[in-house]
Amino acid sequence: MTETPAARVEPIPDPALNVKELRQHALGRLRAGAFGQEMWDYLEGGSGDERSLAWNEEAWAAMRLAPHCLMGVDGIDTTTEVLGQRLSTPIGLSPAASHRIWHPDGELGVVGAAGEAGALYVQSTLGTTSMEDVAAAATAPVWFQLYVRRDRELTASLARRAAASGYTALVVTVDTPVLGARDTDRRRSVRLPKGMTFANLPALTPRKEDDLPAHRRVYVERLDPTLTWKDITWLAGLTDLPVVVKGVMRPDDASRAVDHGAAAVWVSNHGARNLDTVVPTAVALPAVAAEVGGRVPVLVDSGIRRGTDVLKALCLGADAVFVGRPYLWGLAAAGREGALAAIHMLDTELRMAMGLCGARELSALTPDLIWR
Amino acid sequence: MTETPAARVEPIPDPALNVKELRQHALGRLRAGAFGQEMWDYLEGGSGDERSLAWNEEAWAAMRLAPHCLMGVDGIDTTTEVLGQRLSTPIGLSPAASHRIWHPDGELGVVGAAGEAGALYVQSTLGTTSMEDVAAAATAPVWFQLYVRRDRELTASLARRAAASGYTALVVTVDTPVLGARDTDRRRSVRLPKGMTFANLPALTPRKEDDLPAHRRVYVERLDPTLTWKDITWLAGLTDLPVVVKGVMRPDDASRAVDHGAAAVWVSNHGARNLDTVVPTAVALPAVAAEVGGRVPVLVDSGIRRGTDVLKALCLGADAVFVGRPYLWGLAAAGREGALAAIHMLDTELRMAMGLCGARELSALTPDLIWR
Amino acid sequence: MTETPAARVEPIPDPALNVKELRQHALGRLRAGAFGQEMWDYLEGGSGDERSLAWNEEAWAAMRLAPHCLMGVDGIDTTTEVLGQRLSTPIGLSPAASHRIWHPDGELGVVGAAGEAGALYVQSTLGTTSMEDVAAAATAPVWFQLYVRRDRELTASLARRAAASGYTALVVTVDTPVLGARDTDRRRSVRLPKGMTFANLPALTPRKEDDLPAHRRVYVERLDPTLTWKDITWLAGLTDLPVVVKGVMRPDDASRAVDHGAAAVWVSNHGARNLDTVVPTAVALPAVAAEVGGRVPVLVDSGIRRGTDVLKALCLGADAVFVGRPYLWGLAAAGREGALAAIHMLDTELRMAMGLCGARELSALTPDLIWR
Amino acid sequence: MTETPAARVEPIPDPALNVKELRQHALGRLRAGAFGQEMWDYLEGGSGDERSLAWNEEAWAAMRLAPHCLMGVDGIDTTTEVLGQRLSTPIGLSPAASHRIWHPDGELGVVGAAGEAGALYVQSTLGTTSMEDVAAAATAPVWFQLYVRRDRELTASLARRAAASGYTALVVTVDTPVLGARDTDRRRSVRLPKGMTFANLPALTPRKEDDLPAHRRVYVERLDPTLTWKDITWLAGLTDLPVVVKGVMRPDDASRAVDHGAAAVWVSNHGARNLDTVVPTAVALPAVAAEVGGRVPVLVDSGIRRGTDVLKALCLGADAVFVGRPYLWGLAAAGREGALAAIHMLDTELRMAMGLCGARELSALTPDLIWR
């Protein structure tokens, strides 16, 4: 990401300098009625007692940096390449459902912001804009995320549509075979506001289990509990797109992913939204990266809130670092420009941290910068 | 536990999804005068400065999970067998005194809930319903808990009544030879509300020590400080019932229990109600399980509040996992249906956690799922 | 300490069951004007930012117990012998200045309470009652505490008076060669209320340094910074009394104390009143006890608030365990009977903890009861 | 520092005894309008989420002391020598910008206080008094701090002026090649109040980057990102003054500094004002000191708030220990006399801590006094 003239950045409605300040702006729009409280709770919430939600942030923040001085850090360069695709910044946007909930700019606003920043964007299956329209608006690489569904033909058709419309990778989420104890969301069924639809999917018929009361429900139609490693191989054979396996938290599973054709391994605990007390990704990442040993790229998300978090993930073996809530806060605060500000803030903080650690390029980010 | 039609579950008075929410409902009934504040304090309280009370919950929650993905988890199965008895869930109900304090449904309501859920229920000697009536109402295995009393003939008669009425094990509590510093209860003698009696016991005459002021009292009639290991052997010989030793916190004592005829070892610190700063059971369990080495089943309770806690205990070597306050919260909130909801909530959370960890059956729960 | 009929204990003004509740009663008397706020601050305060004050309590409380069961614990016995002197309880009373500040019962009330409980009492040089009167009232062993002063003849005369009046040991405090950063007390000179005097000392003339402003004062007349190990030998030769060295925090110094004639080593950081961030005694004790290796008794104080704290100290090698603030809270709450209640509460809690840990006698308290 | 008659110390406006109480007085002057809130925020603030700001203080405070007793500590002596310069105390004053913001006494007040206390003062380039006037007022050694600027001739001229006017060392700050995420200051450009100027510098012309919005700015004119180790050698050759490299946080960089001609290494993270989550200096110091191995003096600052902190730094290998905010609090509270009080408070606390640890001279401060 190179510094571009200020004129291209629309000011967000008050000088915010970090993503937590964007969150404050988003709260202002919540209070103004731009979206419902249950939607905000859906965005913010984690599973169970939200311990992993706190651990995710805390684990990155608690790592202590051991900065080099006097290395010469003019022209800091955050460009990188992942799966052969050039990016201006190693900071990417995790898949998240239904952007139009937060702002009319929706998915098109976010993909536009990503494009302007040269950042990787991952489109969720559950978008409120059709995947084809999103891909058409992209000016930087975009990937398509999907769950393998019980209806494998539906899954296959999504994969083929992704390939046809210009996405450059498939991201399959593997950390959600059943429901998690996201109690706030379980209590009231979160539904799309009137006028919005899941643009990529046919209307679904609820299955038998849905008659169970919420406190007894484990399975739902949209999640396929039968998913196994062979499905990764099947998915990889469907199109020419590389398949990224998202939701791997163990070194042994990372190796298994590579063995079954994964083009990249994405360390994620789904933003602590599924399994509470799951280990934070900051702890899992170095173990996974060591096991993968460079065979495929390693990606990571969950709990990233500052450029120093991004830098630490890169030091510990990540090839790209993704954020979810931060860009959604930006989107909810100020639409496209808010999402762009979120990327710019994190990238600026990353570049500051690189400079202050004596690293001019991403290749200089090694484990040695983390105090042992 | 299999998913049964929702119709069989009476809704509790507002959508609660976890046992802490049941506790909130119970507090509502406290405020409505359904039972006294001193009774609530008795239910909630721990010993001393209540450090172990906090440690018990914290130690389970602080363990971090290392979930497997892509294992195929359709048809998650929580059935198990303990002491040859089939159970639909490894979650059992710890013995607790005087259920009718909390709700007119009392012990019969709880044993009914346990039966419907296929969960093991342990009846306390200090029930407000006769042990014979409870056993007659049971539709799943029930065990009988007793303290060995100074009056050994009374103890023996309780054991024989248990065997005669259909209980399938005796649970002898060994962690309470003297009073603990449960200061709230020591200050005001907790007494049964009018109209309730300890249905299994003759009226007791207070002994001499009871004349001491509360701040000097260590011994009471109902607890026998002379109890030793040979009493376990004696108790095991009284009936054909297997004897479970409850309150073992050390590996060496666990081995001693097996040597003296215990059919199972129950790791418990009595819900932190006796000895403050006792080590939490989550710490003691793996050491005890390693020492027992499969010779007899290992059970555990104290501090279990979520299905993830249950899963961790099973990973660390427990064969069944018991809860006390959670089902009493349910009982105090909504009688029989509240107790049933508590079991269902914990079992549902357990099954979610199994699914999200890639475990279809209890046998897949191994220490490897705890991040080292 | 044996249980005596309740009739001998005057009830304290409301049912208190632990020493923190006595503290609440003392606060009531503070609010009623029985003593000044600056006196209370003097009692409660620690040095600097009061980190060690918190660490002292926390370090005992944080140790986790590993209780034995089924050991037979009828007739729990806390009697012990220190320096050949029989005591009913290992809990003793640390030296503290000016008891009459807190209650007219003063030192005579406290020594009476100690005598009734069979507990060791250590009289401070800075008593508001003459050392001879205190000794005359004692019905259990009493020791005399002194600082070696610049005026060695004064010091020697105190030692000889102690021997003559029936004290059975001299306790020399070695942790205070200069002032500490007890900021509350430094700001306003704490003075005895009208009508009270330091009954054992001649009136003192302030020295030159006292003209320095409080924020520059390090030395004061009453503390002798020249004190060294040879002074211990000198003191030991003055009388036939054994000399206890109080304020040792390091294993190497403990050995040095023994080499210079100490009859016992007292691990103390002066209740965290001198050097903030000094290591807590719970951490120092096992290291000191290991180094002393039984050559002389090891004593400890600082941060003891519960019988479980006492038990832990005994497990880690202490021969007796002293408390300061707890009995002063009792004294400030209810005079002699309050001090007696404090001792009884701690001893009762100790006996409960012994029973719940399976220890009938103090000799059964070994490091093995602390979870490793 | 020897104790001087009290008459020479003007009382600060209320008895303050430690630097945090001086801070309270400074807050009183803030409320009275003596300086602006944005200036106070500038003084107090740290980078990012201010984790390192908290860690810096916490890391010193959390170290536990293992004091010696009975060592003889009359005439405690804190005199020392750094780079051949005699000092009354090892406590020095870190460079800080623009003293006149806080009090009209400004730099002349502070250098006067340092002189009276015999403490080392480091003048910042960004003084509001000319460096020559400050040097002329000094009665103890003064050093001059500078950043190497893009304009090397300006840098060289500052170095030569320092040598000519009597400074005895150059301190080059190397931890700030780019901006840090000091969000409060980034939001509103902190500007000098009317009537004050950076007395040592020509007016600067903002560069192109300054047109970027604050959330995208990484470089600024006053910081030179091209700085490398060879610039240290260049600077060392400019004058006869020894060059101190300030901002070294790693052992390997400390060795590099020595190799490139540094006369001393200063462990500093800039008071946590640049890189958040940088390791605290209390952790970095012993590693750096071990690597330097006595080749040059090691200095340290960041987070020092108590004399015990100073003592710990000296135990861990520091030759002198610097404070920033504490003397600025004193200055903001009461001008010259407030700054003097800050030095005296810390030195008095240091001497108390030495006495209570059994150390009469600085050479007795060894790692052995830190509990392992």
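We just call them A, B, C and D in the order they show up, numbering each chain from 1.
The criterion applied here is as follows: a residue touches a chain if its C-beta (ideal position, glycine included) is under 8 Å from a C-beta of that chain, and two chains touch if they have at least 3 such contacts.
The chain list, named the UniProt way, goes like this: A, B, C, D = 4-hydroxymandelate oxidase.
Just so you know, these numbers come straight off a predicted model, no measurement behind them.
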Reference subunit A (4-hydroxymandelate oxidase); chain at largest CA-centroid distance: C
Chain centre separation (subunit A (4-hydroxymandelate oxidase), subunit D (4-hydroxymandelate oxidase); CA means) in Å: 42
Overall pattern in which the protein chains touch one another (line/ring/star/complete/other): ring
Chain pairs in mutual contact under the definition given at the outset: A-B, A-D, B-C, C-D
Touching residues on subunit A (4-hydroxymandelate oxidase), where the partner in the complex is subunit B (4-hydroxymandelate oxidase): 48-49, 51, 55, 174-181, 183, 186-187, 209, 211-219, 225-229, 231-232, 245, 247-250, 253, 256, 274-280, 283-284
Subunit D (4-hydroxymandelate oxidase) residues within the subunit C (4-hydroxymandelate oxidase) interface of the complex: 3, 5-6, 9, 11, 15-18, 21, 61-74, 76, 306-308, 312, 341, 344-345, 348-349, 351-353, 355-358, 371
